[in-house]
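See structure below.
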Amino acid sequence: MNAAGRRLVAELAGTGLLVAVVVGSGIAAARLTADGALRLLVSAVVTALGLAVLILVFAPASGAHFNPVVTAADWVLARRTPARYAPGLAVAVMGCQVAGAVGGAALADAMFAVPVLAASRTRRGGGPVLLGEAVATAGLLLLIVTLARTGRTQHAAWSVGAWIGAAYWFTSSTSFANPAVTIGRTLTPTYAGIAPASAPAFIAAEILGGGLGVLLAVAVHPARQDRVSDAEPARLAG
Amino acid sequence: MNAAGRRLVAELAGTGLLVAVVVGSGIAAARLTADGALRLLVSAVVTALGLAVLILVFAPASGAHFNPVVTAADWVLARRTPARYAPGLAVAVMGCQVAGAVGGAALADAMFAVPVLAASRTRRGGGPVLLGEAVATAGLLLLIVTLARTGRTQHAAWSVGAWIGAAYWFTSSTSFANPAVTIGRTLTPTYAGIAPASAPAFIAAEILGGGLGVLLAVAVHPARQDRVSDAEPARLAG
Amino acid sequence: MNAAGRRLVAELAGTGLLVAVVVGSGIAAARLTADGALRLLVSAVVTALGLAVLILVFAPASGAHFNPVVTAADWVLARRTPARYAPGLAVAVMGCQVAGAVGGAALADAMFAVPVLAASRTRRGGGPVLLGEAVATAGLLLLIVTLARTGRTQHAAWSVGAWIGAAYWFTSSTSFANPAVTIGRTLTPTYAGIAPASAPAFIAAEILGGGLGVLLAVAVHPARQDRVSDAEPARLAG
Amino acid sequence: MNAAGRRLVAELAGTGLLVAVVVGSGIAAARLTADGALRLLVSAVVTALGLAVLILVFAPASGAHFNPVVTAADWVLARRTPARYAPGLAVAVMGCQVAGAVGGAALADAMFAVPVLAASRTRRGGGPVLLGEAVATAGLLLLIVTLARTGRTQHAAWSVGAWIGAAYWFTSSTSFANPAVTIGRTLTPTYAGIAPASAPAFIAAEILGGGLGVLLAVAVHPARQDRVSDAEPARLAG
């Protein structure tokens, strides 16, 4: 398998396992307690740990984006550097992320004997919630782009996990912050699900918030190539 | 944007996001459970994770103080070193911290559809609580100044988060430990709020405790310039 | 004691303490709360922390496998390298892991005044649960083999702990992911136990899943000897 | 202040703050919830975080022992090395640890408006509990001595915190694992207290377990001076 093939496999498997972590832990938590805070605490802690591990595993092969907003930012920021790549590759990566997310939701449902690929009926939305979703994604992109521009991507795994775990709580949307994961979560009739009709507004908020996060990161941290560590690939890890 | 401008933006955005994390997670926790310990556990864990990430993000641009007591200590300790800076800059940094904190409280309230910039009615205070607040802040400054003086600021992000998370519990004040954050929290009628009338005594305890923490750090760790790592800016990270 | 002897002692003691952590925390959690989610959260957090520490402690002496699937993968992957070793040593290591696991279960039961070496009556199994067990073990081997092949075994301790802690929740089997630990857990009549009749299918799922994890790791990360760090032993840590 | 003076101050302040963390978080947890598992989970998490931070803070000045068993092991293991020191200094360190522990219990009680220096009435003991206490302390010393002998004391802070946090749960004694902390905890009439009459057996179990832990560490990890990192002081951190 060549490098592009490995990258696609890594994004497919990584995003799939990430959604399996999110959906599976939600099912287990909802079965084991009626306390809403304990359910969300479990989801947040488990997602933070699982995401951190998956970034560690797949970062060398693909940068461990698992997220179309991250891939889009990566492609844009890499355009004028030696790390640039074809737009077709970016699109293929995003396709693998979405396919992986759908597969991961199905895997989680299968593990817990829940009907596979059934649509969620959990409506989510409204102005405050979409504001929360934008804030969560802005923070995520701010973090990832900052680490890349300051040559500290070795911190990506644990800090990205920590940010998402925190944003499950401090934003009102519980921080999906990822269009591929959002699509995958439309296809599970469980705790972590989101009704398909609610997804487009979530995705729009994620794109908008992500763009703002990139702008803030670029404003605060002018690029300094010399600070890019060579212990990690030049593309974004996260 | 020049370095001073980036520093001010970083302190504004960082303190704002910190208060959004504190206030937002408090609102979510109070809505989802009636168990007081679970509410505070969520607040502590989410604040610890969020604060650690924000320090990682903003440390290269501003030292990630987010706290007037930290900035004051930094200014005093930097006076006779090549890293000294004008008192006006320190004051501007503190102003951005306070403005960011107010904005962050408003952002959290907006995300959760709570009236924005309404005053808190939660009275906090009394001798034991103020003692707790002084202890929390003393420990924070002891930690930050020690890491700076021993050339180990690479530990600042996770350890400052861990300290504040622990201090939410082991002090009776739940560890505000930050005058800017205290002011921001006067302007939210939610779980994390503090009545404006209670704020001055809290801030006084923070200043007193912070001073004691600096003195202890200086006594135990005589300055050794040669141990300052050049992987981080010379000013305090925290 | 020579290196092989130290390796066997390390695997015996490490696997024993690991099972003591798993079984002991389960007993304490089941005694202290009736909430099923809180019980599993405690088990997951305590296992993650304890496992990470035990890997740190025993990695220099034995690679800290604590798991026959990991030892089998290590032996196979090391065959054609300078780190190869006799199959008899691998078998001895696995024997020590099983003996340690049984001893660890007894130690935990003794600490909590529970009858020692009594069989569990907790039946676990069924297709979805066995799928979960395979997924948990696949992820574990994917992680460990990837870290070894990319020269980043310094991340093994915390990330292996984090993966197992997450997999307690997002898989339906609560992630035993280890044949030796599974055998040890047949001999405790407590929260973490598994009926002896349920163990063979669990172990089969672990072997199958582990094999898939190794294949995925090898496909995504072609071996690069030059990236193997010499700060850690060449064999797998985990 | 000379190096010995700084060491004594560090051990006094560090042990004091450690006991304040343990006692204070116990008071807060017991006030905020009736769920026994949630109380112990809070204590474990807060102690793990607080202990890790205190080790980071005081390790450069004193090795951050905070524990007479650790100091005794350090003194014995350092005897025939260039880092050896007078027995009188070791005794003075232990005295400061005990004094700090008593002060820390009083500080926590004062912060929470509880009578200061009142004796605990919580009886703890019995064979299984004392076995648990010995196991907890054995693991602690195994960890600390192993890190020192393998030149990896940079891991001490977080791993010692993690071990104690885990041992709160998987041992039946809730892991005091420290004679100074045990003495301090006799003087608080709160959740973390232990009746003075129960302390001697606890301390005996700690000394016995600690000795076993040292022996295991020495057996598994023969000393290799060349692996001692010079990024940390040669004495034990923990």
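Lettered A, B, C and D in written order, each chain numbered from 1.
Everything below uses one rule, namely that contacts are C-beta pairs under 8 Å (C-beta built on N, C-alpha and C of every residue); 3 or more make two chains touch, one makes a residue touch a chain.
Every value quoted in this text rests on a predicted model; they were computed, and no experiment measured them.
The minimal number of chain-to-chain contact steps leading from chain A to chain D is 2. A rotation of 90 degrees, rounded to the nearest 5, superposes the Cα atoms of chain A on chain B. Of all residue numbers used where chain B meets chain D, under half belong to both copies. The two sides are thus made of different residues.
Compared with chain A, the chain whose C-alpha mean position is the greatest distance off is D.
Centre-to-centre, using mean CA coordinates, chain A is 28 Å away from chain C. Once the centre of each chain is set as its mean CA position, chain B and chain C turn out to be 40 Å apart.
Multi-chain contact residues, meaning those touching two or more other chains, occur in chain C at positions 35, 38-39, 41, 45. Applying the touch definition to all chain combinations yields A-B, A-C, B-D, C-D. By the touch rule above, chain A contacts chain C in their complex via residues 1, 6, 9-10, 13, 17, 20-25, 28-29, 31-33, 35, 38-39, 41-42, 45-46, 49-50, 52-53, 56-58, 60-61, 107-108, 110-113, 157. Taken together, the chain C residues at the contact with chain A in this complex read 35-41, 44-45, 48, 126, 128-129, 131-132, 135, 139, 142-143, 146-147, 150, 152, 155, 159, 162-163, 165-167, 169-172, 216, 219-221.
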